[in-house]
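Next up: some structures, all given as structure tokens.
Two complexes, one shared chain (chain A), two partners (chain B, chain C).
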Partner chain A sequence: MIVAEAKSLGKIKEMLASHKRVLVSGCNTCMAVCFAGGEKEAAVLAASLRMAFKIDGVDIEIKEMSVQRQCEKEFTEPLKGGAADFDAVLSLGCGAGVNALADMLTDTIVYPGVDTKFIGITESEGVWASRCSACGECILDQTAGICPINRCAKNILHGPCGGSQGGSCEISRDIPCVWQLIIDRMKRLGIMDKLGGIRPLKDWSAGLNPSKVTKDERDK
Partner chain B sequence: MRTQYPTNLKVLKVPCSGRVDMVHILSAFEEGADGVVVAGCLEGECHYKDGNIKAKERVVKIKRRLVEIGLEAERLEMYNLSATMAASFVEMASEMTERVKGLGPNPLKDRV
Partner chain C sequence: MMEKSNLEKVLSLGEFAVTAELGPPKGADGQKVKEKARLLKDVADAVNITDCQTAIVRMSSIASAKLIMDEGLEPIVQMTTRDRNRIALQSDLLGAAALGINNILCLTGDHPKFGNHPEAKPVFDLDSIQLSLMLKRMRDDKLFLNGEELHGAPNFFIGAVANPFADPFDYRAVRLAKKIEAGADFIQTQIIYNVEKFFDWMAQVREMGLDKKVHILAGVAPVKSAGMAKYMKKNVPGMDVPDWVIERMEAAGKEGAKEEGIKICVEIIEKVKNIDGVHGVHIMAIEWEDAVGPIAEAAGLLPRPKY
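Then we have the complex of A and B:
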């Protein structure tokens, strides 16, 4: 899932202060799961903004309307009509959601209400961790399913650097050296031989933007 | 036991203080409440395991949000008391009433 964090109320107020009618739009998939911008967060933010602007004496109407997924037209269609009466939309979707709304709402300004952080996993209740950098060419088959591109500070691909100390990365003792994790797992699985080969240079262009994936009828 | 508590307090019943969400409290302030009290069960005695602990953490978070909004954090407080502690309930109601009187009316009320 995509993980994000809500922007501060102060920052959002700055963005919206010059508008008269703002629609806060939550996204009920990833953003709801990471408590950054689902329907509930949209309601809380809209109420907070209404009160904050009222106290500041700024006359601005703020309403909310959430959709299941801002990154798919099928779900964002209701927003088209919903946003018609507003001069700005505050999207609580991830960066992709903000872009999708900006594409659809050609004459309305769309602002981001969250900072999109990463593609990650839920480690425990309220804790998410980055696990994929969407590099475009997956090498997890060579690293026992643990990604050095995402989890190594240096993105190195051929084993740990000299900064790997006692299983931790040199940038923080709290961050495990991902190469230590990879090697421990490979040993456990009896596939250490996979590390021996010489690999061609990684094609970083595979993950460069702008990128698009297209599938025709036969691939679906 | 027959006791009286300040009549300005409106009681809203929820199954557990853990049910009280940020949006409920913000709505109360938005609609002009001068103060809000979350009354949960005694710590360690939650019928739903840890609803009152969750409520306590939520109240801390909402206080921070109130300050960001421009309201005083003191307008919101959490108390822990059991259903049999009438005297504590009266004490809580009186204490919050006095506190809120000291803070003055909710500034949003004039602008509603």
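Then we have the complex of A and C:
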């Protein structure tokens, strides 16, 4: 899933201060799972904003309307009519959600309410971690299913580097050395032969943006 | 074909090599590079020029290399993949070769997080092993990475680094083998204080026959103070500083610290010099360049041969 962090109330207030009627729109899939901008968070944020602006003596009407997925037209259609009465929309979707709303709402300003961080997993309760860099050409077959492109700070394809110590990455003792994890797993699976040899340079163009995937071309 | 570098000649003739290190200044004053160069003249066969070490912006390693060449020293240009993609790397390498620079040390480089511009976008288009491979292709096959022909091929003497003290220990020699396969002609190691562990690593290296395929230069560095030794032990990833180093530096007190640091360094050189497969030492006296001469002298490594 996509993982994000809510922007601070102060930053959001700055964005919205010049508007009169604002619609806060949560996105109830990834953003709900990482508690950054689902329906519940949208309701809490809208209430907080109403209170904060009231204290400041600023007259802004704030309503909320969340959808299941801002990145798909099928779900955002109700927002088209809903946003008509508002002069700004605060999207709590990931960056893709904000873009999708901006594409659809041609005459309404759309603001981001979250900072999109990464494609990742829930590591433990309230902790999410990145796992995929969407590099466009998966090499997990060569690395025992553990990604050095995403999890090695230096994208090294022949690790561990000289900074790996006691299983930790040189950039932080709290970050595991992904190449140590890869080697441990390869040993366990009896596939250490996959570690050998020199890997070709990565074709980064496979993951460059702007980018599009087309089903008909993909199926060819 | 351009002439071989002095370092290549020293090593290929079986002489015990000495290399040193020079960090370029944080400014545009070329005189500072030349001043440091003068301190290292005639005490080393070649001098590493660091490439924005610890990701702190400094004068470019290639420009600094040219400045020390003007002073009659031979540079080893350190080149990291942190700040340049394959286009910029190949371009800079051709420029270096045109200036007569043959010795290139291939590094991935310290992460920008450690430096003075931690907000920078790290490049890491390729890693150090792939960088060696690229140099080898340019030199031996006379080709760019994309297969296009090079007009005027460089004559690189390809260097790489190895850290015997990083984990997992049993993988370190295997990784060295990859660096050799990728084209490394010489290796400079991480700073050695734990001689026993270095000895064990060299045993693995010899067992795999790697000492016959590459010139290994043992990395050493004088400690300036007990505080510096403690800092390295605690804070520098991939460094192994045994307690005896700290204890001896503490016992030497503030007055005797520098002298003791040099003494320890000389003792370590004397130990590693006799290890089978070690073909030289790399003396890293960072911001203490005038220590290299006395260390080399005391270790019986002077005068340096001239070719």
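Throughout what follows, the second predicted complex is superposed on the first by the 216 of 220 C-alpha atoms of A that agree within 3 Å, B and C clash if a C-alpha of one lies under 4 Å from a C-alpha of the other, contacts with A are read in each partner's own complex, and residues count from 1 in each chain.
The rule is short, and it goes like this: a contact is a pair of C-beta atoms (placed from the backbone, for glycine too) under 8 Å apart; a residue touches a chain by one contact, two chains touch by 3 or more.
Please read these numbers as outputs of a predicted model, since none were measured by experiment.
Colleague: For the three-chain model obtained by superposing on chain A, do chain B and chain C clash or fit?
Modeller: Verdict on chain A: chain B and chain C fit.
Colleague: Which angle, to the nearest 10 degrees, do you get at the Cα centre of chain A between the Cα centres of chain B and chain C?
Modeller: So the angle at the centre of chain A is 120 degrees.
Colleague: Would you check which partner chain A:G126 touches, where first means chain B only, second means chain C only, and both and neither mean what they say?
Modeller: In the superposition, A:G126 contacts neither chain B nor chain C.
Colleague: Tell me which of chain B and chain C touches more residues of chain A.
Modeller: C
Colleague: Is A:I171 touching the first partner chain B, the second partner chain C, both, or neither of them?
Modeller: second
Colleague: Look at A:P210 in the shared chain and tell me whether it touches chain B only, chain C only, both, or neither; answer first, second, both or neither.
Modeller: In the superposition, A:P210 touches no partner, neither chain B nor chain C.
Colleague: In the superposed arrangement, does A:I183 touch chain B (first), chain C (second), both or neither?
Modeller: second
Colleague: In the overlaid three-chain picture, which partner chain does A:P160 touch, first (chain B) or second (chain C), both, or neither?
Modeller: second
Colleague: Determine, under the contact definition given at the top, whether A:R50 touches first (chain B), second (chain C), both, or neither.
Modeller: Only chain B is touched by A:R50; chain C is not.
Colleague: Pick one for A:K40: touches chain B only (first), chain C only (second), both, or neither.
Modeller: First partner only, chain B.
Colleague: Quote the smallest CA-to-CA distance from chain B to chain C in the superposed model, rounded to whole Å.
Modeller: 28
Colleague: Sort out for me which residues of chain C touch chain A in the complex.
Modeller: Against chain A, chain C makes touches at 82, 86, 108-109, 111, 113-114, 122, 124-130, 133, 145, 161-163, 165-168, 171, 174-175, 178, 181-182, 190, 237-238.
Colleague: Taking the touch rule as given, give the residues of chain A at its contact with chain B in the complex, in rising order.
Modeller: The touching residues are 8-10, 40, 43-44, 47-48, 50-52, 54-57.
Colleague: For the complex, give me every residue of chain A touching chain C.
Modeller: Within the complex, chain A contacts chain C at residues 153-158, 160-168, 170-171, 177, 180, 183, 195, 197-199, 201-202, 204.
Colleague: Quick check: in the complex, which residue numbers of chain B touch chain A?
Modeller: Chain B reaches chain A through residues 21-23, 26-27, 29-30, 65, 68-71, 107-108, 111.
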